[in-house]
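Below, chain A partners chain B and then partners chain C, in two separate complexes.
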Partner chain A sequence: MNGTRISPNGLRMAALLLFIAIYTAYAAGPFVWVAMMSLRTTTEIAADPYALPWPLHFDKFVSAWTDSNYDAYFFNSVGIVLTAVVILTVIGGMAAHCFARYRFRFKGLIYFIIFSTIIFPPQVTVIGLFQIMVDYGLYNSRIGLVLVYVSIQLPITIYILESFFARIPGDLFDAARIDGYSEWEIFWKISLPVALPAISTTVILNTILLWNEFLYAVVLITDDDKRTLPLGVLRFMGDQLEDVGMIATGLMIAIVPVVLIYVFFSERLIQGMTAGAVK
Partner chain B sequence: MAVVELTDICKSYEGSGDLAVRDVNIRVEDAEFMVLLGPSGCGKSTTLRMIAGLESITSGTLSIDDEQMNGIPARNRDIAMVFQSYALYPHMSVRDNLGFGLKRRQTDRAVVKRRVEEVAASIGLTDYLERKPHALSGGQRQRVALGRAIARDPKVFLFDEPLSNLDAALRVSTRAELVRLHQKLSATMIYVTHDQVEAMTMGDRVCIMQNGEVAQIGKPMEVYLNPANTFVAAFLGNPPMNLMDATAGEGAVAVGDARITRAGISPGRKLTFGIRPEDLTPVDRPGDGILSGRVTSIEPLGAETLIHVDRGAHAPLIVRGGRLTAARLDETIHLAATPDMIRLFDAGTGRALEGTAQ
Partner chain C sequence: MAVPKDMNVPAIKVAKVPPSGERDDHANPRSAIAMFLLPALLVYAAFTALPVARTLYNSTHLVVPNRPPEWVGFTHYIELWTDTIFWKAVWNTLTWAAVAPILEVSVATLLALALYAKVPFSRFLRVAWFTPVLMSYVVVGILWMWIYNYDWGALNTMLRAVGLGDWASPWLGHPDTALPSLIAVTTWMWTGFNMVVILAAMSSLPTEVLEAAELDNCGWFGKLWFVILPLIRPTLLNLVVLSFIGKMKIFDLVWVTTQGNPLWATETVSTYVYKRAFQWSTFDLGYPSTIAVIWFFIVMAGVLGLTLLFRQREKLEY
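And now, the complex of A and B:
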């Protein structure tokens, strides 16, 4: 008789599993749907939007890559995002090191000015930014987009790194000073390596955010050859009709690298975000 | 060969008018082990950090071997420092920690490698060279910190309370190790601590600091026996020196009801009478003693017994007795003081009276 009764614990577990299942379906559902559509033609999708992908049209990926300029978009994205992330890490790291380690005049004011930029939504600044880019001949250029990406992500990068650098004991820097190292060398040999968990957090965070960035890219880049992956979908959207199947394929090409980065580095990301929270 | 000399050193922090360190004059001789001793906030660590070049010097002169060091950055002073927190580089192995300072000065990798291995062997860490600091025990970390200083073979060693994070047993053995190290290297060492046992056992000389000023400099027994003022008298010794109000009379000093013969002090002068707990001896007859009071507690410590004596309106006393004591709780005890060990201080300034010291 006991065997057929469900214990309160079991009931609680079942409820939890149900909740997790619903949440997973809610969160992952759209992604799975796009993934399925990416392997189906637009005609098939129009006939039955939710059907399983059969036969699998892997050739759509080849066609997007070769015929629809996705190879160019992909390498643009890689180049722009990588450059921006490298610059962000170095400049953000240096700024964070200074904010965390040194006392200097107007430190509070400078910190405030840097952070005040994040309160404006991008829609507010994008028009002014467009004009500035035109004035400086940076409109419709990859270098211009890199500079914009660096400037929009810099405050949050400094913020994350500064709070981590501030937790590194000052004695370490004093020890390195006495060991004969200059401030510049201390930054490279002590600050950066010790702060590696925080550095990787900002690298992953910036890579994902910039890889998916659409608004600034669509406003500041017009040439098809300079477009990044998120803009690739524009190619399949006409005034009269949309090639839904190809849009899904393009999206998958854009999403897969980010998912891979997250799968491989998520542990590190969480480590960096919670570092020092326990101790 | 390294003589460290501080002349009229002052330190004040920005935004604060007060001096954290005031007119400090210390000359540390070559191969001397000098201990800076004092309660927290007395300026001893700040003084050490100024010698290291980690804090700027507001005024005064710091010289090492007659070369002025005021403006010279820490990295060019040829000193090594052991920190309270050890400050080991967490991302480097023991080998890299030991060699980090050396690599800066010595480009020949083979020489660095040999030196690191020599030092590791001398501090018993050869088997741990490839480990990271987090995989070491507290005592091992402490030795790495020490080894990092030794590896550089600097002119001057600075220690900032290096033993305070160790447990009691390890502290005693490391203390002995440091003394041996000093004898072996015969290097100039400056050691900051608030622990008087460390100061007494390790220092060639002790510099006691109070409120940013030097209260007294001298050999450990010298400052223990002849404190320059009531602060040193009360700070050194555990339990500290007994201090009581006293007044000078004609050829004698009155301490409460007791009178101690002492000529040459102008009558009426307010004094502080000091006697160490071990220089008070219980006596049987009231006439043999100079002080008496009621025993309020007896603390047997094994080798000795501490007897707390209440003297009514006067300051209570502590007496250090032998292993066995005749004192009984709540009974009256009569105490005699070793005449040579009585110290008198001016009640106003707290300074020791000339001629009362032996």
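And now, the complex of A and C:
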């Protein structure tokens, strides 16, 4: 009696665990594989693509970094992404503060126009953007790419920050006004500090998305020494074509910063990535 | 384009509704509003609105370097009508945008249920499943090209290991398997993301409702089908729309892996626009702009259609 009652349950649990195990292998397996290959030489990989990495060839990371232009790509990405994120946070924060705090005419319409660009397919901007950047003299320039990055992430940044700013109690602002704070000081000394959780969410979200951005970079950047990391990785693959071990190392260099951010800020990152999905 | 600036002009006038008696002007100072809004509006006008206007303008012109654009009317639009590669690309992209959301959201719901049922290591599993979405499509593309490699790729190696060696194939090299293989990659990337959103929605369900279902002797399937799924429906529909929008844009993955090959089997609208604008030596930016404009309206219609469809169903059910 007892046995017959437990076994369907046990069976169901086993099926569930099997499903989970298979999915986990599918989700994480590719990373484990590329991490192992990044520490093995191509000759070792050719002999057996799935063997454990032993001995560990950490020197491959050094040669990937120094022998190609990898350090330039990496620091280009760091510089462009960080600059864009700082500008985004300030400009987006200011606009979000304005939408959340003040009443003015056509507020809803302006907000809708900015927000609706989230669903625009990028094709509709990319060709015109290419021509305009050539006209402005910003084509093939890192500053140009920064400005484009600011513009593509602006709507989602305003959206996330606005919903947070709107929840700050208005009394706080009235008190600040009575204390003689200017509107500008209220923004810097009250809105921004109070909204720090939401701001860190947008900072992490924008950092990851822009770190991975490819389409605008490939259209707007042509010089090798201005390339960002995704373009660099692709270029690296073109150069090393058959050198699978070396490409795997190159991939790991692009993956590691993202994984580090993820390890330290996983909750906030998940929050940021999913902020647009839950309404 | 001047639209956002024009929008801003009336904002400088007096606010429509006085929020707090006679002190409305003090609470909503025009100069502060303009100061806070202006940088964002300028960036928006210069790098979003203006390019869109320029693309619209291009679509009725022949735009060749070192020559002023030449008005050609709707020639591009007519040419588009008979462009078989374009229609192939539309078909591929629509297939992707129809299949991927269903796959992602349904698998994600199953995974979320597994974690909701409190299986061991759920925190670790959540993190592991979410990771793929954080990777650049360039990294993901190269990685999956190896997995699909005919000689030593992980997929064929596994098939051979379990005795299904006959099924081994050059997954990205064959016109019949290339698109499904790429759809599997986007599913791999996005399912974990969808799972996290669904799990959050499930966790915020009111416990009283679930307890009531249990009191009514509702089986786990009944509980899932009649209680949990209807309650998280808005989230699921949101995710479907979001995934649809994402797939209608898809470019990076195709560009890194197949560039639309073999035989246009994986050509998407984005890759075709890119090829026509920056790669083929036609040097005309007008025609790809036309594709972009048409595609813009198709995406809008799709999003609108989905939203209306889901609203309609909601009305019918309640």
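Note that the second predicted complex is superposed on the first by the 231 of 279 C-alpha atoms of A that agree within 3 Å, B and C clash if a C-alpha of one lies under 4 Å from a C-alpha of the other, contacts with A are read in each partner's own complex, and residues count from 1 in each chain.
The definition used in the following text is that contacts are C-beta pairs under 8 Å (C-beta built on N, C-alpha and C of every residue); 3 or more make two chains touch, one makes a residue touch a chain.
Everything quoted here is computed from the prediction, not taken from an experiment.
Undergrad: Would you sort A:I178 into first (chain B), second (chain C), both or neither based on which partner it touches?
TA: Touch partner of A:I178: chain B, not chain C.
Undergrad: Given the touch rule stated above, what does A:A51 touch, chain B (first), chain C (second), both, or neither?
TA: Neither: A:A51 stays clear of chain B and chain C.
Undergrad: Spot which of chain B and chain C makes contact with more residues of chain A, would you?
TA: C
Undergrad: Is A:V62 touching the first partner chain B, the second partner chain C, both, or neither of them?
TA: neither
Undergrad: Return first, second, both or neither, reflecting whether A:I91 touches chain B, chain C, both chains, or no partner chain.
TA: A:I91 sits against chain C, while chain B stays out of touch.
Undergrad: Once the shared chain is lined up, is A:W211 touching chain B (first), chain C (second), both, or neither of them?
TA: In the superposed model, A:W211 contacts chain C only, not chain B.
Undergrad: Regarding the shared-chain residue A:L154, is it in contact with chain B (first), chain C (second), both, or neither?
TA: Second partner only, chain C.
Undergrad: Taking the stated contact definition, name every residue in chain A that is touched by chain B in one complex and by chain C in the other, in rising order.
TA: Residues 103 of chain A touch both chain B and chain C.
Undergrad: Per the contact definition, I'd like the list of chain A residues that touch chain C in the complex.
TA: 16-17, 19-20, 23-24, 26-31, 33-34, 49-50, 90-92, 94-95, 97-98, 102-107, 109-110, 113-114, 117, 119-132, 147-148, 150-152, 154, 158, 183-184, 187, 208, 211-212, 214-215, 218-219, 229-231, 233-234, 237, 244, 247, 251, 254-255, 258-259, 262, 266, 269-270, 273-274, 276-279
Undergrad: Where on chain B is chain A touching in the complex?
TA: 14, 49, 52-54, 73-77, 79-81, 83-87, 89-91, 100-101, 104-105, 148, 152
Undergrad: Give the list of chain A residues in touch with chain B in this complex.
TA: Contacts found on chain A: 103, 169, 171-172, 174-182, 190, 193-194, 196.
Undergrad: Using the touch rule from the top, collect the residues of chain C that touch chain A in their complex.
TA: Residue list for chain C touching chain A: 3-4, 7-8, 10-11, 13, 15-17, 19, 27-30, 32-33, 35-37, 39-41, 43-44, 46-48, 50-55, 58, 63, 107, 110-111, 114, 117, 119, 125, 127-139, 142-144, 146-147, 152, 154, 157, 188, 191-193, 196-197, 200-201, 234-235, 238-239, 242, 245, 248-249, 251-252, 255-256, 269-270, 273-274, 277-278, 285, 288-289, 291-293, 295-296, 299-300, 303.
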